[in-house]
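The structure follows.
Chain nomenclature is as follows: A, B and C, assigned in order of appearance, with residue numbering initiated at 1 for each chain independently.
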Amino acid sequence: MKIGAGPGRPWPGRRHLRSLGAGIAAFVLLILLWEGYKLIGSPDGFSLHDVRLLPRADDDSMPHVWQVVQRFSEPEISAAGSSSVLVAVLKAAWFSFRISVAGWLGGVLVGVLLAVLMQRFRTAQDALLPYIIVSQTVPLVAIAPVIVGWGGQLAVFGQPWQPWMSVAVISGYLAFFPVAVGMLRGLNSPQPAQLGLMHSYAASWWQTLVRLRLPASVGYLVPALRLAAAASVIGTIVAEISTGTRGGIGRLIIEYAQSATGDPARPWTAIVGAAGLGLVVAALVSLLDVGLSRFNPAGAR
Amino acid sequence: MTVAIFVRRVLTPVIFGVLLLVVWQLFVDLRDIPGYLLPSPTAIGTQLRENLEDILASARASGANALIGLIAGIVLAVIAAVVAAWVPLVERLLTPMASAVSAMPIVALAPVLSIMFSATSDLPRRIVVAIVAFFPVFVTTVRGLTRIDPVHAELMRSYAAGGWDLTRVIRLPGAVPYLFTGIRVASSLAVISAVVAEYFGGLQNGLGSRITSAASNTAYARAWAYVVAAIGLGLVFYLASLGAERLATRGRAPSST
Amino acid sequence: MSTQVQMPTVAAVALRAVDKTFGAGGSKQAAAVTALTGIDLKVAPGEFVSLIGPSGCGKSTLMRLVADLEQPSAGTIEVFGKTAHQARLDQDYGIAFQAAGLLPWRTVRANIELPLEVHGVGRPERRARAEELLEMVGLADFAGHRPDQLSGGMQQRVAIARALAERPRLLLMDEPFGALDEMTRERMQDELVDLSAQTGCAVIFVTHSIPEAVYLSNRVVVMSPRPGRVSAIVPIALGERTEGTREDTTFFAAVTAVREALRAPDRQGVEPR
């Protein structure tokens, strides 16, 4: 299947490339704003009634962009033989990336299964959907100790429960929600006329699912997958902090922030790493969008 | 509300929830599950009652952060959306940024914002909430402002109406349902972000800090009591925005979920 | 029915040698489409003229040219002696589209007041005029309703009332009854005949339906496609429209005349499809 084949149909990737270009332009604009404020802002910021409304513009609070860039190449800690910050951030990002992918996959699987269940049984939808929505209001840190505790009792494929698995479960917990909701909408999206057609063919529920509902839901699934990717990254980072898992970028952000007074540029390197991680995961999902474009001719918004 | 709809929308989930609570309680009692794994509903209920005052106070603190950040985010988003609908360049810059930002964990900014502003005020948290709330409201409002029924556009052209007339009479009222959809999404995100931002340090006056301190003291029933409060806070915000949406779009054909 | 055509007063609408081509801008995907060529047409003040023809004959395009919603590629269009552009700026016409196009967040009354509001008419005057129009189209009881509470026929009546809000001397209507069932359609036609007699405005009415064109008009302009042009003009002499008009032999004869004009190859010898 040639991607985007067909006369007059623009390559779906072009939309993403254009977004990328505009995104880069916006990013450059942000950097200009940052440096611009540092030029004109005061080192104490701007306070109104004891509340600082504009940030401190000195180098300790707002490091220059090039200072952050430079910090990447410098050693992480002053001990001898320490690798550069860039290496440290990349390693942490890679650690978190793998967990996010695991969480995303798990969340997508659970979300899809729940959506199919809820579409099949209206009672299931009535009973479960409110709780699915409410589940997202539970702050992550509350589930972390529970997951860690339960994990201690379980063994996966003969191996003891690893700390990263708790993080992956929490990450999946955030990821399943957009998929469940989006997929359900997609499964319910075929028009009455189309459903009537399948009924007239005496098609079974399963055949209707596979031939009509699933292809129709792709347009809803793809944006949901993107949201799930972002959610899984956020879940991973916050879960790392609340479970105290070392090695990931969440932990790194906290560590660097705690020592920020001596090293103002370093926390920003970790943030850049986290942001980069989010973007990479989103970009990967966009690739999926391009691959699934056959089912999604109008392009999901 | 007809009986059928009541049964479906209200009774079924409530019955399901009650069943879940009963099973939960039985499971904990019969299997003798220790408190650190899974506190029983009755234990949580007791903790709720005992700590009610502090729960309400910290809920108020987190709620204030969420509300102020939400309102700030909404106001900025509406202004930005109106500008973006007017100046296509702005829209083309901001919308991809919105997609990018939605992929990034904004709460990660909480520590550096504390450094930039102040570690002892609520402002950094409110900024985080404002950023988180800004983007969904911006994206949906821009969509509403730029989506005009071609028939309405032609009608206004036939009236030789100017650009401002078109905006005032067609675009703005037409965008209202989209605005409220965005607000609904943003309101739930606001509460969660306000609570989660507390894990990253700063003032320890809200629900998030209470949950972490209870958890680190292995007082899990108490931690879950604060969790229930956080869920309640999120629900209040969600229902309030749903109510506002119903009020603002009353008389129009109902929109999809 | 309105008064007979009288010259030499200024024509309501005058099209001379009008051409309209779309897509001539060099895009490699769409070839240029000639929607209309060599249109010559005059509509007298107070006259009711229908445009009828198969899909692609350019009848809607012609109406939109008169409305200054499109510009001609060649030729001139005059509305009451001015350019179409000036006529639009002076609000000399009211327009009703195929989709009623009511604003869903406004009541029926507020929808009718829309053009008055846009043109700065004061509130009491707007109210009064809206009441008048609601009476005229028989919707006085529905003034406070919202569009989604009305049937298709009622929505179209609101759209027509709105088009008449500023007492235009020319009404442009693009298949306004197209989405309605036959019974409602006939009722709306009766109402429209009454309305145009009451207001004395000229009407250009685009339709797909031969009986509708014959029933409503003084003249039926038959158009044919590829390229879009006027292939015949059939004068209708049915006198005052009554309940029995639709069952009259003269009515059927007129319908037959229009049907045959639609079928016949035109003078230039181009075969119809």
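Assorted remarks:
The rule is short, and it goes like this: a contact is a pair of C-beta atoms (placed from the backbone, for glycine too) under 8 Å apart; a residue touches a chain by one contact, two chains touch by 3 or more.
Computed from a predicted model, the values in this text were never measured in an experiment.
Contact counts per chain pair peak at A-B.
Seen from the C-alpha centroid of chain B, the farthest chain centroid is that of C.
A comparison of C-alpha centroids places B closest to the centre of the full protein. Remark: chain B and chain C have CA centroids separated by 50 Å (rounded to whole angstrom). The centroid of the Cα atoms in chain A and the matching centroid in chain C are 55 Å apart. Note: centroid distance chain A to chain B, computed from Cα atoms, is 18 Å. Contacts from chain B toward chain A in the complex involve residues 8-9, 12-13, 15-17, 36-38, 92-97, 99-100, 102-105, 107-109, 111-118, 121, 123, 143, 188, 191-192, 195-196, 199-201, 207-208, 211-212, 215, 220, 223-224, 226-227, 230-231, 233-235, 238, 256-257.
Chain contact summary for the complex, chain B toward chain C: residues 149, 151-152, 154-161, 165, 169-170, 173-174, 176, 249, 251-253. The touching residues of chain A, counted against chain B in their complex, run 19-20, 22-23, 25-27, 29, 45, 51-53, 55-56, 60-62, 122-123, 126-131, 133-134, 136-142, 144-146, 149-150, 153, 185, 226-227, 229-230, 233-234, 237-238, 241-242, 250, 253-254, 257-258, 260, 264, 267-268, 270-271, 274-275, 278-279, 281-282, 301. On the side of chain C, the complex with chain B involves touching residues 67, 69, 88-89, 91, 93, 95, 97, 99, 101, 103-107, 114-115, 117-119, 146, 148.
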